[in-house]
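Below you'll find the structure I mean.
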Amino acid sequence: MIKVFGGLLLRATVVLFGTAILTFALLWHAPGDPAQAIAMARFDALLTEDVIAQVREEVGLNMTFWQAFWAWLGPLLQLDFGNSSVTGRPVWADLQAAISYTFPLALVALGIGLAISIPLAQLATKRPGGWLDRFAVGVASLGNAIPAYWLGLILILIFAVQLAWLPALGASTPAHAVLPALTLGLGVAASLTRIIRSGILEARGQSFLPAVRRRGVSERAVGRDHIAPHAAVPVITVFGLELAFLLEGLVLVEVIFGRPGLGTFLVSAILARDFPQVQAVVVLTALIFVIVNLLIDLIYRVIDPRIGGHDA
Amino acid sequence: MTLSVTGLSAVRSGRMILFPTSVDIPPRARIGLVGSSGSGKSTLGHALIDDLRKQGHSVAHVPQSPDEALDPLRSMAFHWREAEVALGLAPGSADQETLFHALDIAGGDLRKRPWGWSRCRLLRFAISMALSGQPVLIVFDDPTSALDPVVAAATMDLLNTFLTEQETAMILITHDLGLAAQHVESLLLLDQGRLVEEGPTQQVLEAPQTQAAKDLAAHRNWMSLPC
Amino acid sequence: MLVVKNLTVKRGARVTLHDISLTLAAGETLAVVGESGAGKSTLIGAILGLIAPSSGAVTWNGKPTGDIRPALVMQEPRAAFNPTMSLHRSVMEPVVAQNMTLPVGRLERLCKGLEIPVEMLHRRPTEVSIGQAQRVGILRALIASSPLVLFDEPLSALDATTQKHTAQLISDLQKEEGFAALIVTHDLGYAVAHADQIAVLKAGRIEELCGSADFAQAPQTPYGKTLRDAAITLGALEAAE
C-alpha cells in the first residue's frame, strides 16, 4: 500500500512540475513583448522605450528562460509566490482575495450539480428506457453540449434583464452568486446525471444480485450495500474529470458575470503578462487537481482493492 | 412436512421456457433435477425457491458459480452477517464454526474479499451460508461443473455426510445424470421446459420411459470400469 | 510423431513445467489429465511453440513443432471466435493464412462428419448454440489438415449428453483423418474412454504416464487413485460391481 501511495505521489509531483514548466514556457513565448504589456498595465499608458527597458530589467525578462524559471521556482518551493510584475505587491495577498470569491462559488455549483443529478438519475432509472429516462438523458446531453458562457448570458438575459429577479454583474451580495452558480451547476449536473445513471444500470446487472435477493436480503439493503458502491466507482472517476471542467467553466463564468474571482484574476494577469500571478494560479489549480485525483485514486483502492494492484 | 409447489412456469422473451410444473418434496428427500442445457432446470430451481419462500418456508439456493453468489466488493464476513440479518438471526447466532468444519473451510480469513479465496472454498462458503438458516430445502444448481473433479468430489462427499444428520431436503440440479445417480434417491427429468419423467433413481436408470430419459441414461457416464 | 523431451518451463523464479517427457504418434490420442494450475495450458503453449522452453525440446519428427502448425481447439467457443466475423470466415482463416488450397469437397466432408449444416457457417458465433459453436471450432482446427491437433478442455462448456456425442465425432474423424490428438482435460472419464495414453499432470510434473486401459484398471500413484475415485464419485466412471 505504501508503495502504491508513493507511486501516486510521484506521479502527482511530475504532473505539477510539468504543468509549471509548460505554462511558464507558453507565457514566455506568447506573442508581443511582455515588458511592454507589463508596463502598460502598470502605468495605464503608452510608454517610451526607456521605461519599457527599465521594466524589463526590473522584472527579470533579460534572463534566459531557465534562469527566469528557476528564479521563480526557488522561492515557490519555500511557499513564496513572489510579487506581481504589475503592482509589485505579493501575489499571495491578491490570490487569497480572489480565492475567497471563487471557492464558495465552486462548492455551491458542485452542490447544485449533485442535488440535481443524483435524484434525477435515480428517478430516471426507476424505469429504464421509459419517457423520464429518455428525457433525462436527452436533457443531460443537451446540457453537456451547451457552453457555459452561452448559458450564462441566456440566464442573465432572462432573469436579470427581462424578469429582473436577480442581479447580473458583480459580487457584492449573495444574490449575485445565484446565476453564476446555477450556470456552472447545471453543467455539472448534465455530466453527472448520465454517469450516475449508467453506473446504476450497470450495477443493477451484476450477476450475484439475484442470489442475494433470494437469500431474503431486503431491496433497500441491496441498493445500499451492493448497487450504490458499485455504481460509485465510475461516478467518482468522472468527479475528478468534472473538477477540471468546473475550473475551466469558472474562468468564463466569472468574466461574464463580472465577479472578482480566480477567473478574472487569471485573465487580467495573462493580458498583462504578469508571470508571477499567472504561475501562481496555474500552480494552485494544478495542485487542487492533483490532490483531488490522488484522493480519488486512494478511495477507489479502498472500495475495490483489485484496482491497480493485482495481476490480471 | 412435505413441501409442495404447483403450476410453476416461466416466460422469457415471449417464449415459454418452463411449462406449468408441480413438484412435491417430502422431508429429507434427495431429488435430482436433470436435463440438458435449455431444458429449464435452472429456471425451475429458481421458481421453486421463490415460490416456497412466498409460502413462508425457509429455503436456500446455491448458484453454480461463486461469481453468481457473492459481491466482489464485500468481504466474506459482510456476506455472512448480511445472510444472518436476512434470516432474522441475531449476529453470531448461526453456527458458523460447525458449518465451516463440516465443509472443511475452517480457518479462512473472513475479512478478505471473494477474490482472496479459491473457487472451491468460495463455493463451500456459499453452501454454508445457505445452510446457516437451517432451511427445510436446499437447492444446488450444478455444484460441480465449476470445480476441479477432486475438490468437486470432496465437496459432494462433505455435503452428503453433513446432510445425513439434518432434516433438510436437497435438490441437485445438473445436466449430468451420472452425477445425479450417485447422490440422489429420486429423479425429475426435464426436457424443453416440461417435466417428462420422474421416479426413483434406479427405476429411471434401468427402465427409462421417454426418449429424453433414454438419451440421458445411455450417456450418463463415459464407461464402466472393468472389475 | 510428437516428442516432448525433458521440457522445463520457468516463469521468473517459478517453474511451471518440470522435466516433462512424452511421445505421441500419428493417429493416437494422449489425454493430459490434471487440475487447475497443474500446468496443462503451459504445456499446450509450449507444444504450439508460443512458450519458449527454459530447457528441453518439443519436436515433431525431429523439427520444431511450429513448422507443422499444430491446430488448437479451445475450451470456450464463445471466446474462441471473433464475434464480428462469420463462422465461415473464421474457419477459413488458417487456410488463408497458410496460403493453402483446399482439396475439393473437404469443407463439406468435414461438416458432415461434425454434423454441421454448411449453411450454418454463414452465421455469426453468437447466432448458434454452444454445442454447434464448439463443433465449428473443431472444424477450424481440422480444416488445414495439421498432423497434430491440440484440445484444451474441449468439452467443458457442453452438457453431459452433448459431451459424449461430440467426443465420439472427434474420435471418428480422427480415424478418418489420422491426426495425432493431445487432449487436455480434467474429466478422467473422457480420458479413459477416448484416449490411448493418459498423462497425469500435477504441479508441473508428470505423476503417471501409461495406457488408459491400464490406468482405469489400477492407477499406480496415490494421486492417480484420487483422480479415479473422484471420477467415480462424480459419476463419470462407473465402478465395477
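We call the chains A, B and C, going by the order they appear; numbering starts again at 1 in every chain.
Please note the rule applied: a contact is a pair of C-beta atoms (placed from the backbone, for glycine too) under 8 Å apart; a residue touches a chain by one contact, two chains touch by 3 or more.
These numbers come from a predicted model, not from an experiment.
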{"item": "Chain C reached from chain A - shortest hop count over touching chains", "value": "2"}
{"item": "Furthest chain, CA centroid comparison against chain C", "value": "A"}
{"item": "Chain pair bearing the highest count of C-beta contacts", "value": "B-C"}
{"item": "Geometric centre distance via CA averages, chain C-chain A, whole Å", "value": "57"}
{"item": "Chain A and chain B: spacing of chain centres that average the CA atoms, whole Å", "value": "53"}
{"item": "Mean-CA-position distance for chain C and chain B (Å)", "value": "31"}
{"item": "Chain C residues touching chain B - in the complex, by the definition given at the top", "value": "35-36, 130, 156, 158-162, 164-165, 186-190, 192-194, 216-217, 226-227, 229-241"}
{"item": "Touching residues on chain B, where the partner in the complex is chain C", "value": "36-37, 144-145, 148-154, 156-157, 174-182, 215-216, 219-227"}
{"item": "Residue ranges of chain B in contact with chain A within the complex", "value": "46, 49-50, 53, 60-61, 63, 67-74, 78, 82-83, 85-87, 113, 115, 129-130"}
{"item": "Chain A residues touching chain B - in the complex, by the definition given at the top", "value": "206-208, 210-212, 214-218, 221, 225-226, 229-230, 303-306, 310"}
